[in-house]
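Structure in structure tokens, see below.
A, B, C and D are the chain letters, set down in written order, and residue numbers restart from 1 in every chain.
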Amino acid sequence: MTTAAQPLHRRLGMTDEEHESVLGLLRRDPLPAELAMYSVMWSEHCSYKSSRAHLRRFPTEAPWVVVGPGENAGVVDLGDGWLAALRIESHNHPSFVEPYQGAATGVGGILRDVFTMGARPIALWDQIRFGPLDDPKNRYLFNGVVSGIAGYGNAVGVPTVGGEIEFDPCYTGNPLVNVMCLGVLRREQLTLGTAGPPGTVAVLLGRATGRDGIGGASVLASASFDDESQEKRPSVQVGDPFEEKKLIEACLEMYQRGLVAGVQDLGAAGLSCATSEPAGRAGVGLDVDLDQVHVREMDMTAPELLMSESQERMMAFVPSEKVDAVLGVAERWEIDSAVVGTVTTGGTLKVRHQGEVVAEVPAASLADDAPLYDRPMRRPDWIDDLWATPALPLGGDPADVLLRLLDDPAIGSTAWVHEQYDHMLFLNTVIGPGSDGSLIRIRGTEKGLAVSSDGNGRLCHLDPRAGSARLVYEAALNVAVTGARPLAVVDNLNFGNPEKPEVMWQFRESVEGISEACEALAIPVIGGNVSFYNETEGVDIHPTPVVGLLGLADPMPRQPPRLSRAAEGMEIWEIGTGPTSNLAGSAAQRVVNDELIGRPTPPDPGAARQVIALTNGLAHRVPVLHDVSDGGLAVAVAEVCIASGIGARVAVDDPGPLFSEDPHRVIAVFDPGTVVLPIDLARQVGVIGGDSLILGRSGSIDLETLTRTHRDAIPRRMAG
Amino acid sequence: MKVTVEITRRPEIADPQGTTIQRALHDLGHNEVMSVRVDRVIHLEVQDDDPNDVRARVEEMCRQVLANPVLEDFAVEVSE
Amino acid sequence: MRTAVVVFPGTNCEMDVAHAITALGGETELVWHRHEDLSNFDGVILPGGFAHGDYLRTGAIARFSPVMDEVGRMAAEGRPVLGICNGFQILCEAGLLPGALIANRDLAFICRFVDLEVTDTDTVLTRSTELGQRIRIPLNSYEGNWVDPSNSGRVALRYLDDPNGSQQRAAAVANDGGNVVGVMPHPERGIDELLGSGDGRALLEGFLHSLVPA
Amino acid sequence: MKVTVEITRRPEIADPQGTTIQRALHDLGHNEVMSVRVDRVIHLEVQDDDPNDVRARVEEMCRQVLANPVLEDFAVEVSE
């Protein structure tokens, strides 16, 4: 091992050039604590040095945007004094190292990002991706991640109301664990991550600081994963949902009583971030005394204190006359607190430890002067080959294909997962897991918040730009089926190694695709997260952007459409431009032919807008609306049958139209003659009734088989 | 043979449960309690007569399922 | 007629319970666990959640909260005392109900609607229902598996299937007087058809009808 | 002083965790495992020099809060 001989900055994960920049900035050799701070703040995870230039492409403005990207969470206006805060975050690498705690601390972190804004977190979503379940290691990871999300989310008391699951060999060495949180607040409670004017006092709230997670941002999340990662294990953090619950309530009380000037959570980069960012944003300096920090371990050094990622901590910036009140609130909620600093004029972050000044740097430089990389990009040659290869036809009987699809763990019932999550707390979950979008009511108003999150690594592998755009359209359609109009998007960009030009190209294309779709729908991106270095032993994951979309239904439909409301004699209509038969990137292509080739149908912004508008109106009138996505029309109808406990007769039996996943399509189910649909955009495809699902002349599946296959897809695999 | 496995959380890993119990004991007036940590003991009965063999097998079980190597250490004790 | 809804650190169903009681015409107040006086209340509910993080054992630490002396007094006076989910666990730990709750048989958290059957109508929770009546409300727990080596509890509600291994398939258990009841599924989550069921109303109405002025 | 408390589940009480672990071990081919029971050990550090006194106090903590008499028995061991 040569590590001992390496200079400190390299051991901290900094390049020589980055070290030079620090020298240039400070005009002297940095002290160890200073170098520690720069190393974590300038890590990929915290500084977005490879992605920042591209993220500027996102449209971020709309009249209803209250806070756009750059703060802890995006905030939009819902009318009548109500605001919503939304944020998504990844915890991929920590979840691979320790699935339970990795996922749990991911939930803890995303909650803090939302209640930092003054909002009460009201719902969580998880987007999780693993290798195939026939590998015991993948089962272990899947089980651990789901238990971790359940263990933390349930105990902290925020319902997990939806999410998505995908399985693909590309995630075997690198599972993806994204979590998203929605909060609501009254306008006057909005709180920003700012340090306030000179004289403001910094109060550290929550759990004692230990050595946990030191270098988590720079080491775990900002570098590739290999056998050396084993040695990085001491950075595992352990979540404490109980502490976080108390912290949420204490902070919300402080906001309500107007006790704080600003708040910043301590996530990646810990104290380094929670001191420099708020000071930088406010254009002030900060004097910090590390001896005041309440600690859980003895003899921690200044760099350790500054880099620790101990969980469940918040930094409150408090006007001096309100400090006693803040400490009182903390005491009442039985959380620890410590006055650790004071805001100063001049912009210098000055840190003392055991009577010595251990750091004295321009506060804003830690965030603003981070390196910015314009990494080379190259369109991979294999894309054209993939596009040129025609997809194999789907052999076999369509009824058979349908059963194989329903037995697929990514398409079958998610009950094994979502029944482990409390998804009903707060009595607002009108539509919960197992449908398209979730619908959360705001009690005391007519409003419903509809949220959907969508990702599709296989589609984005074939065409990162069109695939990413389609995610936005799909999410928009998912919220439209609950009667909501799209308001804003957050994104989580999970990609491979950005030092590879092909990965950087995929990244740029994906940002472009998301931006184009958002522009077509006139909705802004209000926040997101980038996770690079998702590769194992040199193999990158599929480009896997995940889009979270917030919609507002105002008023919310009195009887929102549900998959379970189909009844004997109702007609099944498909809405969207047709006919469709492209199977590139579809679930059927994967399940039947085990291949990933072809060029998926690109989105059609005009058709998307039309279908979304039509669906939006129908949501107030029809009993069932369901978007056609994974598994195509056949699976969409089957899901309605299963949820409603009734059969159907579908007139289609060509595999193309049955299993294609072409965009902008929904099915509507309603009593004959109750709804008139435009002929150019809709066609009847079947009727509800009987106790089996009949696909044209191709065969029929009895309801019981349909239901059992769908229900057992995950449990039968997890049983080993 | 009877085997006892003690699974202990690694010292550097935070132990929120211990912290909470300690607080509760203080609330109950037991201020003399300086620290608390909660671990697991697993008692196994294994059908085999060779203590060395049993130990080796149980150690393997620990690595496979009983302990979480990222967070925990284990100690195996074979009796009778 | 007022009901105290007790909040321990880690409790999370208090707002839902207060909302449900209010929606049914009752009057509630959230009471912090350090409160030492419940003389202004005619009944008390210990709502669900994870008091003290469920550390050590569910309910173990909560039962020492100052408010629990008052809960014990009200139980002894025959006033309605209802523990829901974590509240049930606390009442068992406090010895106000027989038995204890251990981890679900399958060691997984369960959140879904369950079907129940009324097996005893002489309790503050079930007095407005009929023997054999079917009730559908959500279950939401990891430690919902009731064991009672003394075989002394009165089972007021029973699961139709067996989700968690609970002895006698018990979903709700009462003391001898029927005034102290622990229920594992959540009646407050069953007061609105829009959210899936209104069956919990009959249970909470029973509780409200049991309140008599202090 | 260091005190170890072992809290054992009474034999007549079901032990879902033990059952699940045993099943997992059998699935992995460890059919020689006849029974598994999971208990808890609580390690306390108590500021006091008289071992008898310490034992008495910790036994009281056990009766009060650390063990649940419906489910569990406890054994206290004082060292150093």
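The definition used in the following text is that a residue touches a chain if its C-beta (ideal position, glycine included) is under 8 Å from a C-beta of that chain, and two chains touch if they have at least 3 such contacts.
Please read all numbers here as calculations on a predicted model, not as lab measurements.
K.L.:
So using the touch definition from the top, which pair is joined by more C-beta contacts, C-D or B-C?
P.N.:
C-D
K.L.:
Compute the distance, rounded to whole Å, between the mean C-alpha positions of subunit C and subunit D.
P.N.:
29
K.L.:
Where the CA atoms of subunit A average out and where those of subunit D average out, how many Å apart are those spots?
P.N.:
Each chain's C-alpha centroid was found; their separation is 41 Å.
K.L.:
Between subunit B and subunit C, what is the separation of their C-alpha centroids in Å?
P.N.:
34
K.L.:
In angstrom, rounded to a whole number, how far apart do the mean CA points of subunit B and subunit D lie?
P.N.:
10
K.L.:
Where in subunit A do residues touch at least two different other chains?
P.N.:
240, 242-243, 334 - these are the residues of subunit A that touch more than one other chain.
K.L.:
On subunit D, where are the residues touching two or more other chains?
P.N.:
Each of 64-66 in subunit D touches at least two other chains.
K.L.:
Which residues belonging to subunit C are in contact with no fewer than two other chains?
P.N.:
Counting only residues that touch two or more other chains, subunit C contributes 52-53, 55-56, 61, 64.
K.L.:
Looking only at which chains touch which, which shape fits best: line, ring, star, complete or other?
P.N.:
other
K.L.:
What does subunit A use to touch subunit C in their complex?
P.N.:
Its residues touching subunit C are 147, 150-151, 154-157, 240-243, 245-246, 332-334, 415, 418-427, 429-430, 441, 443.
K.L.:
Name, in rising order, each residue of subunit A that touches subunit B in their complex.
P.N.:
Residues of subunit A touching subunit B: 97-98, 101, 207, 210-212, 233-234, 236-240, 242-243, 296-297, 310-311, 334.
K.L.:
Would you pull the subunit D residues touching subunit C in the complex into a rising list?
P.N.:
On the subunit D side, the touching residues are 10, 12-14, 16-17, 20, 64-66, 68, 70-71.
K.L.:
Name, in rising order, each residue of subunit C that touches subunit D in their complex.
P.N.:
Subunit C reaches subunit D through residues 56-57, 60-61, 64, 92-93, 99-100, 102-107, 145, 147-150, 165.
K.L.:
In the complex formed with subunit D, which residues of subunit B make contact?
P.N.:
Counting only subunit B, the residues touching subunit D are 6, 21, 24-25, 28, 30, 32-48, 57, 61, 64-66.
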